[in-house]
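You will see chain A twice below: alongside chain B first, and alongside chain C after that.
And then the complex of A and B:
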């Protein structure tokens, strides 16, 4: 069941009604309903993976308690590593086994040892990377005594399998979500209104921005060998908007839906394409994953402390892992490495913490510089997306080679720029730019007008014929 | 909660007002637009046609029969009801809708060709129905082919989804005609002011035969179509089947083998039924001249005018 499906449009109001009018007596009834509907929601993809979800939930629930109860450090360590290894083991088998087997076999073949890899014929369970990371953060936090273990299984299950975030995040923290799950939610008009606005905005980003840009991006990337330089640049830009609309759209819908149930989720995107440098980009893009890696990998490794060599190592590790998290393909790894290189330049020049403040624009030279740095950051981000979108490294390199051949034709502009794109992209950029200090551009001033216009845009420009997946479901 | 529900209702209400408003404005523009297929549908549904001669067919009928010439020559009112890209089943449905709202014609001119016998499973040129989706007859026709039309009825603007150019044309149509040549219609006929270009994709679709085709299915369909008209028309009404001139590239041995039994059957029916006429112009002199066609299957405006004159003369002989 996708967020942009008719099924979800029926599912959501029913659950909303049951939640606030039938199961609203106590926190337990609210949680019980949310668990049932979350499992139903997940089973709509493939009910067999429910077992994996339940097992993963039970494992972290049980090991969390055992770690807390553990009298000796040895016992605590045992349960901790059991949880880490089993969680990562599942992720490894389902997501990475085939990649490693094939890569290892290729390596052996390249040195003259003829082998054929033994590959597993398994489907990647939807959202496994997300709920595994939920569980991991929970267990790590208990081990380092940052939080207490949760003894109520229903509450813990809801933390892992809460349907708005179950399949594509945001990656929640126990410190943020569990306290909300443990109290009865009272209806809050302002929160629900904001949730509704965010849901509409997310839907707009998905079905209008992402799915329209996808048509052009797919066409250009699929036929890149016959495209001129201008088309190839457009292809990268379209993909940048596609992936942004797709993933941030999903996150907005998730956050919006959750607000309708009185639960706040972690903000996942903060207008990343308005970033003034790549460090800021990573503070604004997929925030829940970036902060997860920062807290559970980068800082434990030493972060930006220590020798220059250590800092460089840490940056490369975190970006490499981040790339690899997205999928078992060399293209994601190179994408991570490119971002590591971008970031490293800032780190070495000690400019990685330059742009923390709000973006202020007025008619002066400094504003022109700000706009320039936003455009440069966007351009280098688009460059890295070429690797992310390409099927393999060779394709990405060939794509770039063709861009720098600098052959342009006017026809390509006509072919790859449509009337719809000319309307929807400026609408997205203007609305987000003007509301860049708010979580949702549709909320607050002129909210109703903006919501109505956006719904009309969804009706007119949305892609409904294709049952398009959200890109991040595959991760 | 009440305040929230009120908020949601307000948003939905305002959205609906705007969406239905824009949709109505565009639909209305199309309906009022003279010399358009939309206006033709509006006239059909409002019972404003009532012609004595009705021409029926698919795209070949749509672009090939000039009802002004045919009507003038036969001294009868004439309307071209052809369904662009629609096969026999859609032509029948359209005729039924016509009959429901208009007087029964005295003469039917039915265009046939080899494509006529292939049943339409999809609704071609679906945009022509957009302004009329709330009409019961149109609704039952469209929903039979495509369930989306049920959604179009309930969700405003959805039918114009990704069709901004069309929505814009509909709005402009309230003030002026946004259509250029080759789209405008004259009494249902759509003249094509185009020069010849070989349509290889259409040519390659034709089967390569080495023996005479039995055409059991096609012959059955012929009888069905004749019965369809006989049951609906008055006793003395005339039914005329016409095979238009085919461009010479189509006139192959395979073509002959494929249609031979169909022609035999039509000639046989003609012998038995005094109200039935079959005119075979497939090998007419026009077949040899590119200036009469815009592809191997369709006549252009010059060709359709000449053909309409020629066919009118033959029909005139039959009627008198």
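And then the complex of A and C:
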């Protein structure tokens, strides 16, 4: 059941009605309903994976309690590592086993040892990377005594399986979500209205921006060998907007839907293409994952403390893992390494903490510099997306080689820039730029007008082909 | 809560109003369309006289050279549609009758398309802008399971089939951009394709014993006293399951088997579609056999 499907348009109002009018007596009834509908929502993809989700939930719930109850350090360590290994084991088997087996076999073949890898014929369960990371952060926090274990199984299950975030995040923290599910939610008009606006904006980003850009990006990437340099550059830009619209659109719908049920989720995107450098980009893009890696990997490794060599090592590790998290493919790993290199330049120049403040623009030289920085950051981000989108490294390198051949034709502009794109991209950029200090551009001033115009754009330019899935579902 | 329900109700009401307005606007634009495709041309046309009307899928569209009929003094148009099934062929004929077309002969390509009686999504969508303006279209779609959504939810059909009848198509109609669908009196000639697939496997294909839409076309012709000529058109040499055509002959003895009229691969662009040269050979045979010309 996709967020942009008719099924979800029916599912959501029914759940909303049941939640606020039938199951609204206590926190327990509210949570019980949300658990049932969350499991139903998940089973709409493949009911068999529900067992994995329930098992993963039970494992972390039980080990969390055992870690807290553990009398000796040895016992605490046992339960901690059991949870970590089983969680990562599932992730490893479903997501990475085939990649490692094939890569290892290729390595042996390259040194003359003929082997054929034993590959598993399994489908990647939807959302496994997301709910595994929920569970991991919970167990790690209990082990390091940052939080108390949750003894109410329903409440804990809801933390892991809450349907708006179940399949593509944001990756929640127990410290943020659990306190909210432990109290009865009261209806808040402003929050619900904001949620509704965010839902509409997310839908616009998905069905209008992402799916229209996808038509051009797919055409260019699939036929890149016959494209001129200008088309190839456009292909990278279209993919940048496609992946942004797709993933941030999904996140906005998730956050918006959740607000309708009185629950705030972690913000996942903060207008990343307005970043002035790559460090700021990573503070604005997929925030819940970046902060997860920062808190559970980068800082424990020493972060930006220690010798320069250690700092460089830490940066490469975190970006490498971040790339690998997206999927078992060398293209994601290279994508991570490119970002590590970008970041390293800032780190070595001690400029990685330069752009924390708000973006202020006026008619002066400094503003021109800021706009220049934003454009440069966007350009280098687009460059890295070429690797992310390509099927393999060779394709990405060939794609780049063809860009730098500087072969331009006027026809490509006609072919790859449509009337729709000329309307929708400026609308997205202008609305987000003018509302860049707010979580949702449609909320607040002129809310009604903005919502109506956005709905009109969804009706006019939206692509409602159910085949166009959300890109991040595969991760 | 009351405040929120009023807010969402207002937004929903505005959305419905926009949808109704857009529905009206798009339909109005489609009703002006004349040079984009065969369906809108028929829908927006007035009574016509034809000696021969050709119906079917791409195997009709690419196989019957209308100009050769015209050269023999027969007013002809090829209404074959690439990707179309008999569902659409039947509907197109009904629309012609609704518009009081005078037709002497209908040539229907009836072979591989006899194996199903469902609609071809892409082509069927092209009839939908007119669903509220034509009882014929409404009735034809009425048995479809998503008819209610398509008929009653304003603008839904334009959203669902955006690729076919969405903003892009509407914009092109407004711009009066022409397509080549109506060139060559509806016939679309194919060239020899270097990488054309010259193999086909139809072993698992079976003609339906009573294809609803084939029967409809046959009955309309009978009722309107139109000479009905159903033919199976040629396939290339390397087809597995050629006994399909015998099965068709057995189930529908009135269909003329021309599967072997042209056989050599050099006359084919792909296994199921002849080149212009092949189509001319085939059309000459049809003209000789059915029209003595």
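Here, the second predicted complex is superposed on the first by the 473 of 475 C-alpha atoms of A that agree within 3 Å, B and C clash if a C-alpha of one lies under 4 Å from a C-alpha of the other, contacts with A are read in each partner's own complex, and residues count from 1 in each chain.
By our rule, a residue touches a chain if its C-beta (ideal position, glycine included) is under 8 Å from a C-beta of that chain, and two chains touch if they have at least 3 such contacts.
Here the structure is a predicted model, which means the values were calculated and not measured.
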| item | value |
| --- | --- |
| Fit or clash - chain C, chain B, common chain A | clash |
| Contacts of A:461 with chain B and chain C, given as first, second, both or neither | both |
| Which superposed partner A:452 touches (first chain B, second chain C, both, neither) | both |
| Which superposed partner A:247 touches (first chain B, second chain C, both, neither) | neither |
| Shared contact residues on chain A - chain B and chain C | 20, 187, 189, 192-193, 196, 419-420, 448, 451-452, 455-456, 459-464 |
| In the complex with chain B, residue positions of chain A that touch it | 20, 187, 189, 192-193, 196, 419-420, 423, 448, 451-452, 455-456, 459-464 |
| Parts of chain C lying in touch with chain A, wherever the complex brings them together | 1, 3-4, 7-8, 10-11, 14-15, 18-19, 22, 155, 159-160, 162-163, 167-168, 171 |
| In the complex with chain C, residue positions of chain A that touch it | 20, 187, 189, 192-193, 196, 418-420, 448, 451-452, 455-456, 459-465 |
| Residues of chain B defined as touching chain A within the complex | 1, 3-4, 7-8, 10-11, 14-15, 18-19, 22, 155-158, 160-162, 164-165, 167 |
